[in-house]
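Each of the two complexes below includes chain A, the first together with chain B, the second together with chain C.
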Partner chain A sequence: MSDAPLLELIGVAKSFGAAKVLSGINLTVGHGEFLTLLGPSGCGKTTTLRIIAGFERPDSGKVLLRGRDVAGLPPYKRDVHTVFQHYALFPHYSVFENVAFGLRIRRLPEAEIQARVTEALALVKLAGFADRRTTALSGGQMQRIALARAIVGRPSLLLLDEPLGALDLKLRRDMQLELKAIQRRLGIAFVYVTHDQDEAMAMSDRIIVFHQGRIEQTGTPAEVYHRPRTSFVADFMGSANILSARLLRSYEGCARIRVEDEVEFDLPREEAPPALHGGELCLAVRPERIHVRYEEELPLRGDCVSLPAVLTDTVNLGDETQMFLSLFKKSAKTVVAASMDARHQTERQDGTPVWVDIRWKDILLLEPPPVG
Partner chain B sequence: MRSKGLQAYCFGLYAFLYAPLAVMVAFSFNTARRNVAWKGFTFQWYGALLRDAELARSVATTLELAVVASLMAAVMGMLAAYAMTRHAPFKGRGLYSALLNAPLMMPEIVMGVGLLSFFSRAGVPLNFWSLACAHALIALPFTTASIRARLLSLKESSLEDAAMDLGATEWEAFLQITLPLARPAIISGALLAFTVSFEDFVTSFFIAGIGIVTMPIKIYSMMKFGVTPEINALATCLLAITIGFLFIQRFLDARSRLN
Partner chain C sequence: MEPDLVRRQGALDRGLSWLIRGQRPSASHILLAPATLWLLAFLILPVASLLSLGFTHRGPYGAFEWVFTWDNFRRALDLKYLPILIRTVCYSGATTALCLVLGYPLAYFLSFQAGKRRDLYLALLMIPFWTSWLVAIYSWIIILGREGLLNGLLRALGLPPIAFLGTSFSVILGLVYFYLPFMVLPLYASLEKIPRSYVEAAHDLGAGNVEAFLKVTLPLSLPGVLAGCILTFIPCMGDFLCADFLGSPRTYLVGNLIQNQFLMAQDWQFGSALTSLLLVFLITGLYARHRFEEQGLFEESE
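Here is the complex of A and B:
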């Protein structure tokens, strides 16, 4: 039993009436792991969390907690606690009683309750707040109380549902670091739901990207960012230029690609392109990986593709300059390049012919989005 | 001008609504026996009220009824509201909720006749308790609506989920979270139920058994001999009590929304 993962979902599906919310969700959470469920709103990540907590019962599939199926058990029979999106602090209790709630339900001795609540409040840096009313606290303080209340019972798994969603940006950044530090210190596994990819990148050991009730990709933040498997993931994690492409021929270590049914080039690569549906695939390039070169400049050195383009617009965003480029004659699709280089900040006239250099390794070949 | 016309309309409307009450209050302090001319100021009719033993008994009966009926309506309203807000949508929930509200829409005379024929068919004696049950029935929509609104907003805040998540059973979560937080709404609903029972005439008139005289019935029988200053004084007292109740109820409602 001890080598079973802490939590495992196998083939979990859930519908609300006619709406299919989750289909075939498989995931594992290791002991002490920080796992993030990432996706746009309505993608099923919160429902997954509620199934793990026991508030929803899956229509099919298994929820194994240390190898034991708990899919039919109510929330109070699982040693899994939740930090709710809007904190859900009990307004008629003091801060101390809020944190003590779970311990009182378990009828622990008073001395132990005192000690553990005091310890938990100190951990979230609210040691002096025990006797306050929760209704008089700021959002950040309520968030800390909610966290203290959830960890005081020492669960093996903590679920967090967009816990920083209601905080302003500056406080969010601070709380991200602090949450991560607390998680490391306690060694409790976190399952963290968010729609903010920066937050997911900053905190997680692993990220699971959800889209329309399915898992799009699972991996470390670096894997998901640098090697997205689908166009949805590429676009959701940061931004990406997504172009339609077709694989014409595949030689040993080299693929001939036709982009937007117009521009062709050879792309040497080691791994085979993803599973294809009749050669159709998606090509993605991140804006910051596109090097824009004026005619008088030397090409990028090394393994790259060089394509002619026309500069259609330039937008200055302080440090960063965004350049809109037209690469294709038939397709109206523009490509966005982003650069921190000062030489792009001097205005170039729209319509200037330029070269676009992209390194082979920065060209991502992806599964096309499912049709329909 | 538009606003002039509106002002005049509003003034006229409020005069129509409140002039009778003002006249009634004024004449309760009138020394004259007849409600025709103002003769002088007196408290004597209030004194007469206090000395009227029969009236005092009817007031006591009415208060006892209102207390019992509002308690019953509060308990049943809590259960009904909990069933409608907390459990997975069950079959016929719409019908259930419509039936609960039916006594609001139903002409009281229909309720009265229906209850009377039901009680006599079923062999239920017409006494204090059957009347209390009838009052609880009329008051139930008020308590249910008040408590239901509160439970819905509580559900939104996931407080009960949080309690169960921390190890509380549904029953423990109900006792420690739902019930204390719903208390203002329960009291507010019970106060409404109290006033509904307190002033009910039609239903009571049909099913009050022999010997049960509620205050509205007593007033009705007093009126057979004309509207006396005693009745004015009694109605004035009732008015004061009702306004007091309304204030308490509004205060509790506002507080239950704030938290």
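Here is the complex of A and C:
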């Protein structure tokens, strides 16, 4: 019993009318884990959260909370609380009564309610706000009250549905750190829904990337970022240059790749590339992993591919310089390189011939996106 | 080229501001004018002249004599009319309460409907409202009458007939029938406005259906309850049709009293004094509600 994960979803599927929203969702949440469901809007992450909370019933599959199937249980019989996207604070109650709501339902003694609400408000740094009306609070304050209301009942699992989505960027950054700190301190498992990959990277122990109602990839932030399994994940987690490629030959520890039907090179690889029939695959390189070298400079040391290119445009973003490069004569595909190097900030004329160096390990070979 | 353009724009701005601030009427005045004139000519002036009639002397056979007097009000405040006022308040109160009891579940149900189904239900609700009151009230006479459908049913069951018509029961039934939409629509509007996430949050925090309703939905719908009660109570206070057709002298209401002064007794002066008093009574009630609202007792949700 104790070795069962806190939460487990097995083969969960859900449709709304004719629209299939989720299919074959399997996931686990460990005790005290910070798990993020990440994906673009409409990918099914919020529906998954609502199934865990009990607001939606899955069409099929199991929802195991500490090994017990709760798929048919209403939300008020689950030891799981939610921080809603738009907070859903009760406008007719004071801050104190909002936070005390769940405790009053459980008919706890008044003294304990007082103590726990005060403690929860202190935790979210709104100790002096107990008597305020919730309608007079700022977005950030409402967010904190919603969090206090959800944690005051000490759930074993807290669900957060884009809780920072309505806040401005700076406040969001601060709240990310604070949320993470609160999560560590309380030891409550968080399932966090967001479409913001920076947020997911900054906070999560593990990320599950959703795409079109399916789980695209599961892993730690570093795994998902550095070893994306599909072109969707590579593109969604940060930015990536995604090029179509073909596996021409694969022999001992090496693969010969033809990119955009134009440029060919050998790529040492231990495992076999995930190519489909006919050798179709995707090649992805992150902009910061492309080293641009002027013709008079020395090549990158170590194992890398060097390709000739033409500089087509340079954009200075302050700390970073973006360089747009044309590697291919036939296709109009442009490759973006990002450099923090000061020498790239002094502008070279567009049309300058350059070399592009990419380390072998920085070239990601991925499953191509499904057709259509 | 550029300074020229600036100069021209400045001239244009000045021209516009002259138009707006000048003696000419602004757009909003022009837009409001038809409605204002209409209200003035067909509501304010007639009502004012009717009400002023209450302060004048009644000549022989109801002739208008423009001589100031308090006589009509003195008569109207006579204690012999008090039972009628009390009865009217009781009937209106009972009607409002019944409409609330019947209307709340209906509005609650409606607030969960969407699209075409909701439109259909709302249309069904509005049908009594759109039906000619004459047709509707005669239908009730057919149902409630001594040889009516209801008594036919009782007879078929071997029970003695009941005189429904002429009782307070039939009058209140008629009032509820006519004024139910006045209760349901504001209730529906306020219930529909409550975000689903509030109820979900209550469930999420452990509240069952009953608790979530009592602690979240009901308190948040109170502005709608209040609006519905006022919209039902006020027209009930002035209604005379139900008592006239479905009632008897025992169910005589303020509305009937006023109606009689105009149509039977030819005493428009007294009728207008009664009307003034009823208006003062209702406006006082509305003002009290307004004060309550200012004190934040019925604060609207976001």
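Here are some notes:
Following the convention adopted for this analysis, the second predicted complex is superposed on the first by the 370 of 372 C-alpha atoms of A that agree within 3 Å, B and C clash if a C-alpha of one lies under 4 Å from a C-alpha of the other, contacts with A are read in each partner's own complex, and residues count from 1 in each chain.
In the analysis below, a contact is a pair of C-beta atoms (placed from the backbone, for glycine too) under 8 Å apart; a residue touches a chain by one contact, two chains touch by 3 or more.
Just so it is clear, the structure is predicted and the values come from calculations on it, not from any experiment.
Chain B and chain C, once both complexes are superposed via chain A, clash. When both complexes are overlaid on chain A, the residue A:217 reaches neither chain B nor chain C. Touch criterion met: A:75 reaches chain B and chain C at once. By the document's definition of touching, neither partner reaches A:141: not chain B, not chain C.
Looking at the shared chain after the overlay, A:101 reaches both chain B and chain C. Legend: residue contacts after superposition of the two complexes on their common chain; A:46 is shown touching neither chain B nor chain C.
In the superposition on chain A, A:88 contacts both chain B and chain C.
The interface of chain A with chain B overlaps its interface with chain C at residues 53-55, 74-76, 80-82, 84-86, 88-92, 101-102, 105-106, 135, 149-150, 153. Those residues of chain A that touch chain B in the complex are listed here as 53-55, 74-76, 80-82, 84-86, 88-92, 101-102, 105-106, 135, 149-150, 153.
Within the complex formed with chain A, the chain C residues making contact are 195, 197-198, 200-208, 211-212, 215-216, 219-220, 299, 301-302.
Chain B meets chain A in the complex at residues 157-159, 161-170, 172, 176-177, 180-181, 259. On the side of chain A, the complex with chain C involves touching residues 53-55, 74-76, 80-82, 84-86, 88-92, 101-102, 105-106, 135, 149-150, 153.
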